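Common to both upcoming complexes is chain A, partnered first by chain B, then by chain C.
What follows is the complex of A and B.
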């Protein structure tokens, strides 16, 4: 069956579909406001006219390409093309400011490639087994997964004062996520009667505001993004930083595991990989100042999510995230029902699709390596021309998600608030983590308490929950001990 | 405004938010008092606790640290100019529509930020709008803001 799948894949039309899909994905991912979900959903009607396999290859290529493409504006302009690229922006943009944007892009594409290849391999080899494992996770485990993600806040702080401010920032993020419809009763909360807030504060406008608009406002006092322009053209000669393989491996593993869990998206995967890499790094103090290890972990994490999210999608029909949900729609319109039959009756097509992900990863690797020096030159554009254009795309990106003018005002407000919070030592990373994980934490907490008839024992009496508590403690103890030690040192 | 005063201002605001958040859960339906209302109460309590702790640290270290002046913008004219231009642009989108509002915003913002060459201002503005028209509007059919006046 694998041989037949390879034969089906290595036809000119199939390879062309993968190439076009991946290239379009990189472009879509690179533009704020255009998401992989939107691109895959838009492709579904197009695939009606195509062979089912060609349509699937196109959609798979878009998914892989978009996940990488989001990192390009995140690194060069601190404007994440996709929410999953926020963690990349934290390290990538400072590198660009130092004139190492090209190297950051190189690290990003190599990490994305490795994460993508690893997760595709996992998908190919052990998809059905992993899907059954993912199904054993219930609300208590999802709540603990959110706590696991929030534990990263502690590692974002380097002293006692910063720790308290980081926790406050995380709590503000969690509170922002409460706005909208109550997940249990359907009651509207804190919406001020605005229909645009019924689904909550949209994530993308808040992100665009905090990272992109705030940065553009900050740049109004400078003539160029980078101070040292001499290094920008040296990308081809710049070797990869030493020790970069460790965060890449770590990110690939974390991304794939997170991707397998339904509902956990690439953004969470990227942040978790980033935080674990920061915790394990020999130079955690360099994080936030342009550490390529952070880019490597985050990018391997979000691309690792691609294959991971397809595990429950293909085997159980449960999409791992919103892009996988759109892809699932694409499968269903072609009469491909997820489940065991997909790997037996339609095995040739399914395996050809899975193997096409490897090719898609190779396509964006070549594209990224070849184009990185040209992309990097964007940072040389004078700010007088660049800022208005980026602001326009930020406004468009904020609007396009829900066609809401209110979202643009949210982005502007978040932009101004981000500057004030940053200047006073509050952590934007922690705030974003709270905003991302808030809905998962609230729903998991509420559902678990209902399941356990109000007893908190439900968070401790299942083996998966105990394992998650152990990981949370492992992540929390070292940074807290370090802060305590710093406090004792005169 | 000094940095320390700004911190105090923000923390006080957060404390008020925490109290309001806690009190708001009383209006939640009875069915969720033990689930989502409990979660929101926990958030309110935690925020109040950590803000109080930070305020305690703030007062404790007040004498030790020298308070520095907080500079929000290095060039205030451009910073606030761009912000208000963005605000005006966002408001005008509902009236003028995307293309007209953007055609005004782009050159004005470029001039404000110090661009001097009329040719590069015109070419960049026109190029960006043409790109958005072709890729966003025509190819991907992304809905753009429409004006009520034009």
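What follows is the complex of A and C.
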């Protein structure tokens, strides 16, 4: 079956589909506001006209490419192309400012490649077993997972961003996440009668505002992002930082695991691996100031999500995240129903698809390595040209997400607010964490209580929940102890 | 004078007809109140494919206006210029639930109901390892202790189905609202809940694969794709509930254009290629004419109102 699958894959048309898919994925991912989900959803009607396999290969390529593509503008312009690249922006942009943009791009593409390859391998070899593991996660575990993510707020604090301020930022994020329809009772909260707010403050426009628009405002008055052009030309010779493999391995693992959990997306995967890498790093003080380890972990994390999210999609028909959901729609259109049959009766197609993910990863690796020096030159663009172009795409991207004018205002407002917060030393990373994880924590908490018929015991009497508590404590205790020690010896 | 009057009357009659005869002379926009890739979206795209057979010169474009349970899209259709070049799709129960909860800036009168096309009957699903095999055992279990049952959000078709079931059988569930079918499926397959009220298309694959079990279909007759699953009525509990997806236009569109649109939808509904494409995409057809569908929606609204009054959201 594997041989037949390889035969089906190594035909010119199939390889071409993978190549086109991946390349366009990188472009889509690189545009703020155009996401992988949107691209895959738009491709579905196109695939009606194609052979099922060709269509699948195209969608898989877009998925892989977009996950990597998002990191390019994140590193160079602090404008994440996809939400999953926010953590990359936190480390990548400071590197660009120091003139190491090319190196950051190189780290990003190698980490993305490793994460993608690892998760595809996991998907190929042990998908069914892992899918069953993913199912043991219920509402209580999702609540604790969100808490685990929120614990990362503590690691966002450093000398400049005090812990209290990081916590306040996190709370602002959580408060913003309250807007919208109450997931349990269906009541409206702080929507001011605006239909556009019924689903809450749209995440993408808020993100575009906080990163892209605030960054462009910040750049006004400078000639270009970096003035010293000498380092840009040296990219090819710059060696990879020592010890970079550790965060890459870590990110690949965390990304794949988070990806397998139904409903958890690449954004959370990237943030989780970023935070864990920060905790485990020998130089945590360098994080936030341009540490390649952070990029490595985040990018390995979000690309690790790709293969991971396909595990429950292909084996159980439960999409791991919104992109996988769109891909599932594409499978169903061709009469391919996820389940054991997909690996037996339609095995040739399924295995060809899984193996195409490896090729997609190789395609963007070559593309990224080859193009990095050219991409890096973007940071030399005069701001007079850069600011209008990026702002245009930001406004377009905010609108395109939900065809909503209100979203443009949300982006602009968030842009202004982000400038104020940053100047006063509040962490944007913490705010984003609150905004993404708030709804997950809330729904998980309420659903767990319903499940337990009102008893809080449900958070403690399940083995997975207990394991998560242990990880949360492990993440929280050391920094709190450190703060305590600092207080004692002033 | 008389001649002039006659001329004027003839002209008044002919001119609009001749301008109508040309309809559609520009692309017709179909507003789909959900994201691209969903079943309502697929319905619209398959419809366009077949509609071209009957109106070869017509162009159609789809506009996806997702979010807020379809409300944004429904409002956009109701608000659209009534020139016949914007029509849209509605799905139940959301389209009436928003009216009932007083959030909608439209009523059923804001639309001309062209007709229904698809349905997706509600089912009751349980985990594969659950001891519950049929509705009788389900009822016994529900009477012994309050079963945790997942539904899509409040006011959705699943929610109304669960409430209807409670009302007609006298049991009460420990209802768990979720973010949608993905979450419901994960909870059923993981055995975190006792049961789930959801649509047939959402769980039929898992039932076939043996990873979940559908114990009853809340419809008048069994489904062709799962002939082994008994209806609720067969098992002694005549509860029926389905989700429908139909076509509407803004209410004030010219009557003659509306007649053409009504005709188009009914022709497509009968088209064998359309039926074949729907089968392939696991969509279940339920053709209804405009008046039939309006009657259905009106009744559904009254029913939903009852549940809202008992327990508003």
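Please note the rule applied: the second predicted complex is superposed on the first by the 486 of 490 C-alpha atoms of A that agree within 3 Å, B and C clash if a C-alpha of one lies under 4 Å from a C-alpha of the other, contacts with A are read in each partner's own complex, and residues count from 1 in each chain.
Simple rule for what comes next: a residue touches a chain if its C-beta (ideal position, glycine included) is under 8 Å from a C-beta of that chain, and two chains touch if they have at least 3 such contacts.
Only a predicted model underlies this, so the values are computations on that prediction, with no experimental measurement involved.
J.: Putting chain B and chain C on the same copy of chain A, do they fit or clash?
T.: Partners fit side by side after overlay.
J.: According to the contact criterion defined above, which of chain B and chain C contacts more residues of chain A?
T.: Per-residue touch count on chain A favours B.
J.: Considering only touches as defined above, state whether A:457 meets chain B (first), chain C (second), both or neither.
T.: neither
J.: What is the contact status of A:340 with respect to chain B (first) and chain C (second): first, second, both, or neither?
T.: So A:340 only meets chain C here.
J.: Answer with first, second, both or neither: which of chain B and chain C does A:171 touch in the superposed model?
T.: After superposition on chain A, A:171 lies in contact with chain B alone.
J.: Under the stated touch criterion, which partner chain does A:325 make contact with: chain B (first), chain C (second), both, or neither?
T.: After superposition on chain A, A:325 lies in contact with chain C alone.
J.: With the two structures laid over each other on chain A, which partner does A:187 touch: chain B (first), chain C (second), both, or neither?
T.: both
J.: A:403 in the overlay: touching chain B, chain C, both, or neither? Say first, second, both or neither.
T.: It touches chain B and chain C both.
J.: Counting only touches as set out at the top, which of chain B and chain C does A:135 meet: first, second, both, neither?
T.: In the superposition, A:135 contacts chain C only.
J.: Determine, under the contact definition given at the top, whether A:1 touches first (chain B), second (chain C), both, or neither.
T.: Touch status of A:1: no partner.
J.: Check the residue A:199 against both partner chains and state whether it touches chain B (first), chain C (second), both, or neither.
T.: second
J.: Quick check on the superposed model: minimum Cα to Cα separation from chain B to chain C, whole Å please.
T.: Distance of closest C-alpha approach: 7 Å.
J.: If I apply the document's touch criterion, which positions on chain A are contacted by chain B in one structure and by chain C in the other?
T.: After superposing on chain A, chain A residues 38, 42, 183-185, 187, 403, 447, 450 contact both chain B and chain C.
J.: For a test of understanding, state which residues of chain A touch chain C in their complex under the given definition.
T.: Residue list for chain A touching chain C: 38, 40-42, 44-45, 48, 134-139, 181, 183-188, 195-196, 198-199, 262-263, 312, 316-319, 325-326, 329-330, 332-333, 335, 337-341, 402-403, 443, 447, 450-451, 453.
J.: Considering only the defined contacts, which chain A positions touch chain B in the complex?
T.: Of all residues in chain A, those touching chain B are 33-34, 38-39, 42, 160-161, 164-165, 167-168, 171-172, 174-175, 178, 182-185, 187, 189-190, 213, 216-218, 220-223, 382-385, 387-389, 391-392, 395-396, 399-400, 403, 405, 408-409, 412, 416, 419-421, 423-426, 441-442, 445-447, 449-450, 454.
J.: Spell out the part of chain C that touches chain A in their complex, as residue ranges.
T.: It is residues 35-38, 42, 45, 63-69, 71-72, 75, 101, 103, 105, 146, 148, 153-155, 174-179, 182-183, 185-187, 189-193, 205-206, 208-209, 211, 280-282, 313 of chain C that touch chain A.
J.: Considering only the defined contacts, which chain B positions touch chain A in the complex?
T.: By the definition above, chain B touches chain A via 3, 6-7, 10-11, 14, 17, 21, 24, 28-29, 31-32, 34-36, 38-40, 43, 46-47, 50-51, 53-54, 57, 61, 70, 72-75, 78-79, 81-83, 86-87, 89-90, 93-94, 98, 102, 105-106, 109-110, 113-115, 120-121, 124, 128, 132, 136, 140-145.
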